[in-house]
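Take a look at the structures listed below.
Two complexes are shown next, each including chain A; its partner changes from chain B in the first to chain C in the second.
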Partner chain A sequence: MSDTVSTAAVKRDRFFDPLEFLARYGTLIALGLLLVFNLIFTRNFATLQTLNVNLTQVCTIVIVAIGMTMVIGTGGIDLSVGSIMAISGALAPLIFLGTILPVSNIGLSVAVAMVAAVAVATMLGLFNGWLVASMRIQPIIATLVLFIAGRGIAQVLTNGNLQVFRVSEFQWIGLGRPFGIPVQVIIMLVMILIAAWVLRRTVFGRQILATGGNEKAAELAGIPVGRVKFAVYAISGFCAGIAGLIVVAINSASDANLVGLGMELDAIAAVAVGGTLLVGGKATIVGTVVGALTIQLVRYTLLANGVPEAAALVVQAAIIVAAVWLQQQGRMR
Partner chain B sequence: MSHKVNPARLIGTYGVALALILLIAFGWWRYENFLGMFNVMSVLRYNSMFALVALGMCFVIMTGGIDLSVGSTAALGSVAAAFGSYYGVVPGLAAGIGAGLIIGVINGILVTRLAIMPFIATLATMLAASGLALLLAGNQSVSVSYETGFTNLGQGNLWIFPIPALIAAIAYVVGSIVLNFTSLGRTVLAIGGNEDATHMMGLRTERVKFLTYLASGGLAGLAGVILAAQFGAGQPIEGVGWELFAIAAVVVGGTLLTGGIGSVGTTLAGVLLLGILFNMLNFENGMGWISLSAYWQSVIRGGFLLVVVIIQAKLMTRNAKPV
Partner chain C sequence: MAQTPLLSMTGIEKRFAGIPALSGASLEILPGEVHALIGQNGAGKSTMIKVLTGYHRRDAGTVSFAGQPFEVGSPHEAQSSGISTIYQEINLVPLRSVTENICLGREQRRFGLLDWGAMHAEAERLLATFGIGIDVRRPLMDFNTATQQMVAIARAIGFSARLVIMDEPTSSLDEGEVAVLFKVIRQLKADGVSVIFVSHKLDELYEVCDRVTIMRDGKTVRVAEMDKIAKLELVSAMLGRDVSRADGHATAFDDAQRPKGETVLRARNLKAGHAVRDVSFQVARGEIVGFAGLLGAGRTETARLVFGVDRTTGGSMELNGRPYDPQRPKDAILAGLGFVTEDRKLEGIVPELSVAENMTLSLLPQISRNGVVSEGRQRELVEGFIEQLGIKCSGPNQKIRELSGGNQQKVLLARWLATNPRLLILDEPTRGIDVGAKGEIQRLVRKLADEGLAVLMISSELEEVVEGADRVFVLREGRTVAELEGEAISEDRVLDAMAHGLSTRTEQAS
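== the complex of A and B ==
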């Protein structure tokens, strides 16, 4: 698994291998085909509005999937992201609505609310990291703890009530449109750029992949494996925290029962379709973004052309399987 | 790990049974009617669905796999069973289990033939089963027939025992026999221990793995039948989060997620532990000293899971040292 880079380099000398080509660029090709299909058949597709609708829908998935890509790069997984979103989404309104402390200055309290919510989310990520790195608990089980408890915590915080609000200072991150571009799309793009740079160009990025490729070897080579794991889970928590804020800002309401529900699976699907190995050692942020966009566009295409939501789920499942299978075929060669 | 008596391993295996007994003793001491016939039977009745799902999950996990699709499969099974219930008890049962088996077959093919990682394969079938359930049911719950006696599968009693609990009990007895006394069961554990070695020994690893996914699907379908019978309707959106609850129960029961070690009996204890925690929360509220909303149940379950996995991790590292 860790030798994909070297084998791929060797294979480039060989003649054109269609299956490997498909495995490498299949998702991108699928995305292209979907775009062409939509341009021809879907009404009003080539409009700024369609672009905005799709981007705003996909952006929380992408943001969460960025953190997930890093976690999966180390060979881990984070099931708790949806619950962390719920906590962050519940906490922020509690602060700026003055439920916890009376609010004197709305601007200040919104700032405090955002920072506090994301900080708590990051700490919950650190807690996951502690379970995985220090207690050496398998990532699936370690993050299952917060998956189960986290949503409960959010529900207990809000007593299960819907928090409705109309606070433009806060909702700017979900509804603001500087230069006609939604703010959350800008946040997403910035996070994509930073994450892609970190993963490709920094020591930390290489350490993530080394840890996922062969943990023992990485440790023997002097890589602080434990610290790397702490960091990726914290990053994942951070990303989930931001996504939680965006979701409640868009909805003008925070429902602890629903915010981030099923997000862990959406994010993992995006990562897998994007070509990141689930066993770790290879990860691509751009791939994850393409994966998330492809899944989103498949859903949009089906729904815009009158296919019922339920059938779209079945197609989505088939696409995940097909993408992962193709990538495996490419790798086996 | 040797098969000589190892105190740490012993605590790991029997710890869950001990914890269950302590919890029940605590409940008996603290709450009136906790061990009353009505409460015991309703806990068993309600948790039988989760017990069935966890049993299938236990087998899959023992081979080192995972099955995320069980919740949606149960939902699909409940819808199919609701349609089948109009033709009688057996058609209802057959429809639910059959729907589950179909998903199980797909999982088995994806994992063994196409060699797709279980996590991704069953994640996909989870979406697909959920979509199929919604399509089949037309996005709403489907009422079962009350004439054919189908609802007895969920609400009926045989003497004093709830029928769903009896079904679950039979499933566990069969599961335990298969695991401990058949070559199939031993192969399941061998695959989880070391799949390559098992394969080289000439055992049919792929076929056995296929069978575990088939069993998990079938049991999830059966859980769906009971769900439909208990609540009087096939529910396409039920079952959300069941897979993770089942995994938690299996883990609490001491089965290793890496496979190779596991027990059917302690899985049942794990299900009951998590179920009784919820039941005790209701009693605690009933006493009026404190008023914890139902939302606390997931916090408490999560906290409980945390304690269990930390204890297991401590035991494991102590076990690992001499090796």
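== the complex of A and C ==
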């Protein structure tokens, strides 16, 4: 009996490949190490307050990164998410403050504002999809169009003014805390669950991965490659629209210059660190969430321990490089 | 041989990851001759050329050029030593002027500045030797493919090339353009420049080449004077078939005669681009129809038309007696067609997905409800096929890229069988597959046909077509040139049609 156990152990040892193990679980291990480090060295880390701060900060990144994961799963990329956030964040206050469309009932006008903002964001995503799928423009160029123009549109919408407001009905999505949990965290969790389920269990999820994994083969197998691309960019726009609303709700103000600035890079980083292949064909929502949390926690750890912001950015970059390199190594064998 | 050769390569060996690509290959080019280099896919032509131009380092063998041992490390070095290559895809700079393209890398200077006047004159002079007078100041992309090719040749000559390698130069040219190219080749020859001409179009070889080297499986199998070798001999040497040899069974197919069912697909005078000019054929229930032909005969291109991947520009198709005109693969799939493509990696598998996911890719609508994949139905189906086809994998969830070629091919077959097709198109179904799996796949195809499936099989392996097919259509340069059925299918008849086309017997008699 003991004999069999030892041979089994030997076998496992021989087949254990440290690099591959790191490639698969590296990000999760890093997250664990960060937690342990903080528990020991960062003051007041193990408090609900800290958890809430981190979760609320990471929320919008995760929400945008969910859409980005799907886009990258098809082998594309969406640079326009930050600008779409700005448009959504500019449009909603314009409506519920009555600037463009006076509605007397505040509840109704907030509802209209939210729906309209997210709908417009989704349409902008569809525009990206049209450029990529129908016009066959490379995704990085196609989405660069709105990356550049989108923020301009947001500024034109608001005449470049800062919109300040105090509308609790709207700001509930950024500041509300049913059962002590921030509303945006609930929104994030719901979206994570839905997206993970879609990728794993649905025909659409399968189509995303097939399109990204081998577009020619997918097309020959009868998969509507064009429609899949339309859909993922629309979803990415939808996610960005929601994230835009949350950001302005938290800030009680909408500044077209700042909402979602640099978000595309944070989202792409989260997706990459999470283990989704940037060339497409393999995508994991859970990975993306872990990736976003890791990046967030690195930033938090450094700032909480007095490392200046500029240095924190460098460390963040180093972690992204390390994560992507490890995944490459894992794939080589 | 009276002349000392310009180039002599002997005993060339080259392995990739232990697998020999060239073993004892040789090539000899005389000064001022046009030499054809031919062979099937994977025969080693391109490897041989890449060894010569320094793109690959040879493992063994000697190369001498102009009487000197020849050792280069890159195509660039080869070019400065007098060997220029003109590739299928012209590698010039389309946005720059003709002059710049011709003189790139050897610009003439005066007082430290570029001497444009001298360079324009030089470009014009070089092109004039081919009888081409164009405005050399205009960007290259303003001109047609043939002219661009002339510019590429002029560039090669400008580097005072003594040997020009042309890799399938005529594949994108129309007849008039080919004539111009041949004029240039004859001009080169008159100037004492040697040409290596790689092509699959037999008529062209006879028109312009002096000698031919035939390669097969990494070896040089035959060197001959062009006017002393008949087309049939050429094709048999290329395919490794002895025309007179009575052959035993080389495949898992048998020759039993079978009753024919009703016609499933009928195609009349299909046309599309340069590759498909006039192809007609029909496939019936329970029948394996073989497409035979040399590389570039238009077999795969025809299959792509039938499956709606590319559009036809002429001709018509009928499926079960009704007009059939697929606009995209989805239409073909809905009409009951399946297509196992030639290139598994490029057009078949989705490497990061599992065996199960790959297998059900065309079947997603049927195994899902409201857009949700039914795991139960998927497992049932996939496990059924894994067992039925004997697919060796650790389970339905193993990634397909970890499987061997033969097992990947079985998964792809299962992908289409699962859709219950009426007509299955197989493009090189056993290429790159080990012998055991090959036999299994051949037996399976036969069994499926016996059960009523119509099969259209493209294969470059002659015995697979001859022994496997109930009816064979021979394609040659985009046209159906022969239809053979039952007893009439034999290797020499197929070879004959591949070599000569329609006007067969007369030419052979002469």
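Operating definition for what follows: the second predicted complex is superposed on the first by the 319 of 333 C-alpha atoms of A that agree within 3 Å, B and C clash if a C-alpha of one lies under 4 Å from a C-alpha of the other, contacts with A are read in each partner's own complex, and residues count from 1 in each chain.
Rule of thumb we're sticking to: a contact is a pair of C-beta atoms (placed from the backbone, for glycine too) under 8 Å apart; a residue touches a chain by one contact, two chains touch by 3 or more.
Everything quoted here is computed from the prediction, not taken from an experiment.
Colleague: Go through the superposed model and pick first if A:Arg43 touches only chain B, second if only chain C, both, or neither.
Modeller: A:Arg43: touches no partner chain.
Colleague: Between chain B and chain C, pick out the one touching the greater number of residues of chain A.
Modeller: After superposition, B is the partner touching more of chain A.
Colleague: Considering only the touch criterion stated at the top, classify A:Ile223 as touching first (chain B), second (chain C), both, or neither.
Modeller: The answer is second: A:Ile223 touches chain C but not chain B.
Colleague: Which of the two partners, first being chain B and second being chain C, lies in contact with A:Arg166: first, second, both, or neither?
Modeller: Neither partner.
Colleague: By the touch definition at the top of the document, which applies to A:Val314: first (chain B), second (chain C), both, or neither?
Modeller: So A:Val314 only meets chain B here.
Colleague: Just which bits of chain A does chain B share with chain C as contact spots?
Modeller: Looking at chain A, the two contact sets are disjoint.
Colleague: Once bound in the complex, which stretches of chain A touch chain B?
Modeller: Per the stated touch rule, the residues are 77, 79, 131, 135-138, 140-142, 144-153, 155-156, 159-160, 261-262, 265, 268-269, 272, 278-279, 308-314, 316-318, 320-321, 324-325, 328.
Colleague: Chain C touches which residues of chain A in the complex?
Modeller: Result: residues 201-204, 206-207, 209-210, 213-214, 216-224, 277, 281-282 of chain A touch chain C.
Colleague: Can you check the complex and tell me which residues of chain B touch chain A?
Modeller: 66, 68, 110, 114-117, 119-121, 123-128, 130-135, 139, 240, 244-245, 247-248, 251, 257-258, 293, 295-303, 305-306, 309-310, 312-313, 316-317
Colleague: Applying the document's contact rule, which stretches of chain C touch chain A when the two form their complex?
Modeller: Going by the criterion above, the answer is residues 307, 309, 328-330, 333-334, 339, 341, 346-353, 357, 361-362, 364-365, 368, 371-373, 375, 415.
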